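The structure appears right after this line, and notes come after that.
Chain lettering (A, B and C) follows the sequence in which the chains are written, and residue indices restart at 1 in each chain.
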Amino acid sequence: MINRIVVFGRHGREMIESVGRAGQFLFGALAGVPDPRVGFPLLVRQIYSVGVLSLAIIVVSGLFIGMVLGLQGYTILSDYGSEAAIGQMIALTLVRELGPVVTALLFAGRAGSALTAEIGLMKATEQLSSMEMMGVDPLRRVIAPRFWAGFLSVPVLAAIFSVVGIWGGMLVGVEWLGVFEGSYWGNMQSSVSFTTDVLNGVVKSVVFGFVCTWIAVYQGYDCVPTSAGISSATTKTVVFSSLAVLGLDFVLTAVMFGDF
Amino acid sequence: MSVAKDPYIELRDVVFSRGERRIFDGLSLQIPKGKVTAIMGPSGTGKTTLLRLIGGQLKPEAGTVMVAGESVPDLGRKALYRLREKMGMLFQSGALFTDLSVFENVAFPIRVHTRLPDDMIRDIVLMKLEAVGLRGARDLMPAQLSGGMTRRAALARSIALDPELIMYDEPFAGQDPIAMGVVVKLIRDLNASMGLTSVLVSHDVPESLSICHYACIVSGGRIIGDGTPEELQNHPSDEVQQFLKGRPDGPVPFHFPSVDAAADWGIAGPGQYGDGQ
Amino acid sequence: MAQKTADLTVGLFMVAGVAALLFLALQVSGLTPKSSEDSYTLYAKFNDAGGLTPRAKVSMAGVTIGSIRDITLDRETFQALVAIAVDGSVDNIPADSAAVIRTSGLLGEQYIDVSVGGDMESLADGDTFYTTQSAMNLERLISNFASGQ
């Protein structure tokens, strides 16, 4: 019994230590002012591979989720004769919750794991070490642009996801099931508020982008530089990011929409 | 080691351990300027760790590491990075940046550390590639290179900034005889033409001894023998002779330390592993 | 060159993000670029504000002309004091108009409907509606009906 508590305590200590190391690592990567002539092209390249290349999965998922919401919402709401509220339901669900959350989950799976694997492989093939020996700090050269790219991409992807989803919902609700288009948009506009709904959604996606990218680059940088180490780091990235997103989503929702 | 007049690198009483395992226990070593020094030893004795200590990627627990008159462990970040501009290191795997072409790989340190115009960078890069015989391969990606070519391209990159010191980590490991011959020739030529201080870490005895001016053999966290190649060949120590001749058994035992064989097979009485399970 | 393509697509990506956000602001949340300085405030006192919430719409003849800014308790009369932001373009609401709390549909949100009066004078910034009609309370209605009053 005592042993179990000891093990539990050790796990706790290790976890806190690793969070501390991750914080130090992030500070090391982001401290200091980068030379924009060097940093900007690096950033652009990373936004391309992290953000632009994730666009396809985001658009397709957003479309389908919007369409599903349209179908499900219609069948439920039509029982009460209020299928006109479908627009409001789809928009609120997407803007407040599904947009930021699903985008972050997809991002962790698509881009986060790739970031971890890439950085881990650079470590395993001594590219990071050789950079250090050339007098170039890999934290600033490799980690910082990747971090900023993820941080900037997630909110953009989340906004695109929500818009595509709302459009997909309209496709099903209006074009297919025959809800009047004016009430689709009208209900939506009267119930979605820019500050409490849209902006809070943006805040969520910013937080998720920060956390997911942080986890991804840290896991890559901290991995054991072997093939087994990289694969376990990639798994950890996806698992930790997903858990962090869902947990933080609850906390943020409670703070933003809870009445206390 | 026969004390060099002008040591470029000096390690004194260096202690370093990784986890529980002590890798260096009071290691002292001098590396003379402008010469090729080989550090040899069995695998797992921390030869690469030694290079990382010199490059400041690791800090010793005790002792001093002096490079070009500066104490490496005490340098701040900026000063350390400035010192590293004077060093080149050839990693075992080459460590070329896989997303850049050969040309861009060699140009990388120049672009980072200087503000030279593009045409000048091009001239320098082509010169370095010419020196390793890869001028024609400048547009290839690292994935398209053979192992030997990768190492040569990496060598061109490590000398791009005309360093004072170059460290080779296992330059011969896993190379075919021709590629090995090429690397031997390159190390010798670079040392002769640029007056580089070269440190060579390897366990390939004949190749290392054929090009180095001095050699020392590391084993068990300390130096067991050093001197010129001729001195080493006639070294009295059994351990040195075992390593140089490659004998399977000797002071370095064939068997990894283990419990008594009889006990392991359960022939003897009380088991070492305790009862139960 | 590859860098140029990357630059271009990343630029487009960022533009798409901003456009998406604008869409969410304008089309989805119905945020009009018109700012609040273009509106004026009227007050209405109700005996029972019911389920009225801030930001609920205020309409006239079914057209939205403003929204509820906030709802407080008037400590002298113990009535609900509702502040209404009315669109600046609707500056000729007759002074004897009535503010009525209505429900959109049977279960929908509550909103204020302004029934137009006939006065020549108009309500100005800071004025209070003279006549109001409180929220219809379904429970009270039923209990009144049941007790025969």
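Keep in mind that, in the parts below, contacts are C-beta pairs under 8 Å (C-beta built on N, C-alpha and C of every residue); 3 or more make two chains touch, one makes a residue touch a chain.
Source: prediction; values computed, not measured.
> When you take the mean of every protein CA atom shown, which chain's own CA mean is nearest to it?
Of all chains shown, the one whose C-alpha centre lies nearest the global C-alpha mean is A.
> Farthest chain from chain C, going by the mean of C-alpha atoms per chain?
B
> Taking each chain's centre as the mean of its CA atoms, how far is chain A from chain B in angstrom?
Once rounded, the distance between the two centres reads 42 Å.
> Distance from the CA centroid of chain B to that of chain C, rounded to the nearest Å?
Centre-to-centre distance between chain B and chain C: 76 Å.
> If you average the CA atoms of chain A and of chain C, how far apart do the two points sit, in angstrom?
Those two chain centres are 35 Å apart.
> Note the residues in chain C that touch 2 or more other chains, in rising order.
none
> Over in the complex, which chain A residues touch chain B? Could you list them?
38, 122, 125-127, 129-130, 132-137
> Looking at the complex, which residues from chain A come into contact with chain C?
Residue positions touching the partner: 41, 44-45, 47-48, 51-52, 55, 80, 82, 91, 95, 153, 155-157, 159-160, 162-163, 166, 185, 188-194, 197-198, 201-202.
> Help me check something: in the complex, which residues belonging to chain B touch chain A?
Going through chain B, the ones touching chain A are 52, 55, 57, 77, 81-82, 84-85, 87-89, 91-93, 95-98, 108-109, 112-113, 154, 157.
> Provide the residue numbers of chain C that touch chain A in the complex, in ascending order.
For this pair, the touching residues of chain C are 3, 6-7, 9-10, 13-14, 16-17, 20-21, 23-25, 27-31, 55, 57, 64, 105, 107-109.
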